[in-house]
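Each of the next two complexes has subunit A plus one other chain: subunit B in the first, subunit C in the second.
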Partner chain A sequence: MGYEISLLTVMGISIIGSLSLNLITGFCGQVSLGHAAFVGIGAYTASLLTKADTSFFIALLAGTLLAGTFGVMVGLASLRVRHDFLAITTMGVNFVFLGVVRQQEWLGGELGVSSIPDTGLGKLGFLALVLGSVILVALLSLQIRRSWMGYVFEAISEDEDTARMLGLDVSRYKLIAFALGTALAGLSGGLYAHHVRFIFPDSFAFVESITLLAMVVIGGNGSIIGVIIASALLSVLPQWFQFIGDYKLLLYGSLLFIVMRFSPGGLSGLTQSLFPKSKNSFALKENQ
Partner chain B sequence: MKLLDLRNISVSFGGVNALEDVSLNLNQGEILGLIGPNGAGKTTMLRVITGVVQSNKGEIDLEGQMINNLPIHARVRKGLGFAQQLVRPFQEMTLVENVALASGIEQTRHPWRSMFRVERSEALRESLKWLAMVGIEDAADSLPNAVPLGYLKRMEVARVLALRPRMLLLDEPLAGLNQAEAAAFADILVKLNRQGQTILLIEHNLAEVRRISSRLVVLDNGRKLAEGNPESVLKQSSVLEAYVGKGNVHVEN
Partner chain C sequence: MLFLELFLQGIIQGSIYALFAVGLTLVYGLLRILHVAHAGLYTLGGYFGVLVFNSSGSLILGGFVAVLGVGFLGIIIYRLCYEPILNQPPYVPLIASIGLFIAMEELYRILFGSYGVTYTNPPLQEMLPLAGFYLRQGEWVTILVSIVLIGGLTWLSSRTKLGLAWRATVTDPQMAESFGIDPIRVRYFNFFIGSALAGSAGMIVGILNNLVEPTMGSIPSYKALAIIVLGGLGSVRGTLVAALALGVVESYGTIYLGNVLNRDAIAFVFLIIVLMIRPQGMFRGV
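Our next item is the complex of A and B:
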């Protein structure tokens, strides 16, 4: 039973992480290759705080907010870069994060942060907290997608110059995507740190950013349910099959490549092409 | 009444002067045709107005307010409606959805609040009216890649109209259309103008420009060459020279 609970907890934390990246990359079209850095900021902040006797929930909140703050700063710096250049810039952010964390004694250096305190929620209680967060993040994603904000994100992700010509404040919308996405990455980091109770720099290495991106792309860039399914699968596979853990970068990298090449819409795109549903016709409805 | 007043605009790209000390104004309710040979600086002028290009010198005055330093989207929200020369529809949205994004401009004014605004049906309904106005309501639910260029050009105008702009700034709206399509499109512009819409138009199709414009401004080599009512401007020898070259004018006449 303990194993299943742990598995579900890991799954839930991955889903929060990939849904948070989905807000930035899937909804708003801003490819980020450094999302693990923000997961790391949340994890380090929350665990150092609980080790300093801060209450768990306040620590979790602080990790979320700090990750979001850094996210806005990176977003501000990235406003002028697009596409490939944005991907490279965010990749750089991941390496800067690792470089800083490895060098700082007070952050644990190479050894990381160990004996992170127990949350006192119990394993089931913690799982309930994680699943509750998954539901909230999924609902937030749904709300964004059906709102005018989601409409604008769609436009920005396709053609931001034209979006500007329609009076849309592209920069601010992008910053919102960064703020929300990185803050929620921080939340998943805080949860992760208190689940495994031991973190070190490599927990947030570049390969973890690629893993998150693979979950988003394989699920179907922008599709909420697709991303949930893909991250549930990809997060437990290495737990079931040890060899996957050893070849993670190779496997997820290849998956990423295969999906991009053969089904750019990911799982969600594949389902739609297998079972096409007619698009709601607005004009026809009006005329009836 | 002057709606837009451009004073002494100069733009240079890496030492090449695209515009030199050009002043022009757009009056409420007119159709102003901005013409000139290729490379005259017409499109640059339009880009200066919308803010895509920053002028090195000069002032852009929108009814007494300087808008030089406003970003593009803020100028659009002040009433500048710009239709691009190459139509760039959002390919994953139907035509009516393309237009609705513009007609819901009030819903998207405050980015954070837009997260709590969900209702789109009113914007869609209004957009159907704009599509009907330009005569393509039958294609409302089509995706952009499924309709001809003429439809996309009209969609672009509908999308700009949906912003309820105080002026329409059009960059070669007739380019790429055949004669009949161009005439029909020009008629739409006349209809809009009769309803009070102010229009600034860059156009190479001189026959249509002459037919529908209330006033012409001619640019050549980044300078203003002539200005006035279409008939008299197009008779000036300097204008003819700019178009067909010195020595050929007698042929044209």
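Our next item is the complex of A and C:
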């Protein structure tokens, strides 16, 4: 039973992470290749705080807020550079984050932070907390997409210049997307740190950013249900099948490539083209 | 003296970056694709070099296979992977390319083992004092090869008909096509040259480190993206300057900033600063 609980917890944390990236990359169209850095900021902040005897929920909140603050700074960069340039800048953010963390003694350096205190919630209680957060984040995503803000995000992702010409405050909404997305990434980081109770720089390496992006893109950029399904599958498959575990990266890489090459709309794009008339939420976003 | 030696080390590292990054910038200039999988070809150049040398004992033959083999594979990658998705939004080929690169690295790991391959009889390792600098033969060869190859590229693009067709296509694909230039052939040529240069860089690094490992492309790959952005995306001259500049900055940075940031982060701090000040890169395009 303990194994299944742990598996579900990992799955839930991945879903929060990929949904948070989906806000930025899927809804607002700003490709971020450095999302793991914000997961890392949340994880480091939360775990260092609980190690200093702060209560778990305050630590979690602090990690979320700090990640969001850094996210706004990177969002400011997105006002300066666009498209490919932005993708590379965010990638740079990930490498700089790692470079800084590796060299700082008080952040644990290469060895990372270990013996992170127990949350006192018990395994089931923690799982309930994670799943509750998943539901909240999913509802928030759904709410955003239906709101005025969601329409602005879509306009920006379709054509930024036209959106600006229509009088939309593009800069403000981009910053909001970054702030929300990175703050939620911080939340998933804090949860992650207190689930595994041991973190080190490589937990937030560039590969992890790519993994999150793979989940978003394979699910279908912008599709909430598609992203949830893809991240549930991709986070659990390697643990279920040990032989996949060894070839995990080969699988991710090939999937990313094959999906982009043959079905750039991801799972949701695929269902849309297979069942063109179905009007389920799978096919809400028509980004083909 | 330390100051000058660091400078020369930076230039050597920079010329390797240059050989690698020119291919990327050529692809970007022509197709507006960030070709991350380029680093997979670079690693393959290293493998071709070491495997051919170990089995035949000839460095020249190894170089020949590394350059030509990787060049042709570059064409195949373009044909199978990029051509069908050229009309998609830019993130599609970018992500496809990252996926391809990760898959290639894993494939090398599975095929050749995760500890890498070494030269059984390491070539070009003797010290060779020249002009007051004590460098290994391999390091002098690196400088020489970069000058020859990049000089050759400049000659090819400015003095031959093929180069003319190529530059015309980069400037205005439709106009070039209406003058009877075959755009497909130009793209093949582009990928061949860029990949061949990456193959040569991979082989050089394999010799200098006496090790070819599956992940040797990861850091150069992302760093080269920083370099071509700094160079103004698509500009060969800008890329060369940016590559050499980064090599030198890193060489000094590792000594003077080593306890704050590691070597690989320096490149990106440099990149982010330059991009925030000049979003179009250090040099304007083409």
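The criterion applied here is as follows: the second predicted complex is superposed on the first by the 270 of 288 C-alpha atoms of A that agree within 3 Å, B and C clash if a C-alpha of one lies under 4 Å from a C-alpha of the other, contacts with A are read in each partner's own complex, and residues count from 1 in each chain.
One rule holds for everything that comes next: a residue touches a chain if its C-beta (ideal position, glycine included) is under 8 Å from a C-beta of that chain, and two chains touch if they have at least 3 such contacts.
Bear in mind the structure is a predicted one, so any value in this text is a computation, not a measurement.
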{"item": "Subunit B versus subunit C as contact partner of A:Asp84, first or second or both or neither", "value": "second"}
{"item": "Which of subunit B and subunit C A:Gln103 touches, first, second, both or neither", "value": "second"}
{"item": "Touching partner for A:Ile176 - first (subunit B), second (subunit C), both, neither", "value": "first"}
{"item": "Contacts of A:Met149 with subunit B and subunit C, given as first, second, both or neither", "value": "first"}
{"item": "Broader residue contact with subunit A after superposition on the shared chain, subunit B or subunit C", "value": "C"}
{"item": "First, second, both or neither for A:Met165, with subunit B first and subunit C second", "value": "first"}
{"item": "First (subunit B), second (subunit C), both or neither touched by A:Val93", "value": "second"}
{"item": "Touched partner set for A:Arg261, first subunit B, second subunit C, both or neither", "value": "second"}
{"item": "Touch list for subunit B against partner subunit A, complex", "value": "50, 71-74, 76-77, 82, 84, 88, 90-94, 96-97, 101-102, 104-105, 107-108, 111-112, 114-118, 120, 124-125, 128, 137, 140-141, 159, 163"}
{"item": "Residues on subunit C engaged by subunit A in the complex (per definition of touch)", "value": "32, 34, 81, 84-85, 88-96, 98-107, 110, 222, 225-226, 229, 233, 259-262, 264-269, 271-272, 275-276, 279"}
{"item": "Interface residues, subunit A side, partner subunit C - complex", "value": "31, 77, 80-81, 83-85, 87-89, 91-93, 95-96, 98-100, 102-103, 206-207, 210, 213-214, 217, 247, 249-250, 252-261, 264"}
{"item": "Contacting residues of subunit A [partner subunit B, same complex]", "value": "143-144, 146-149, 151-152, 154-155, 158-159, 161-162, 164-170, 172-173, 176, 279, 281-284, 286"}
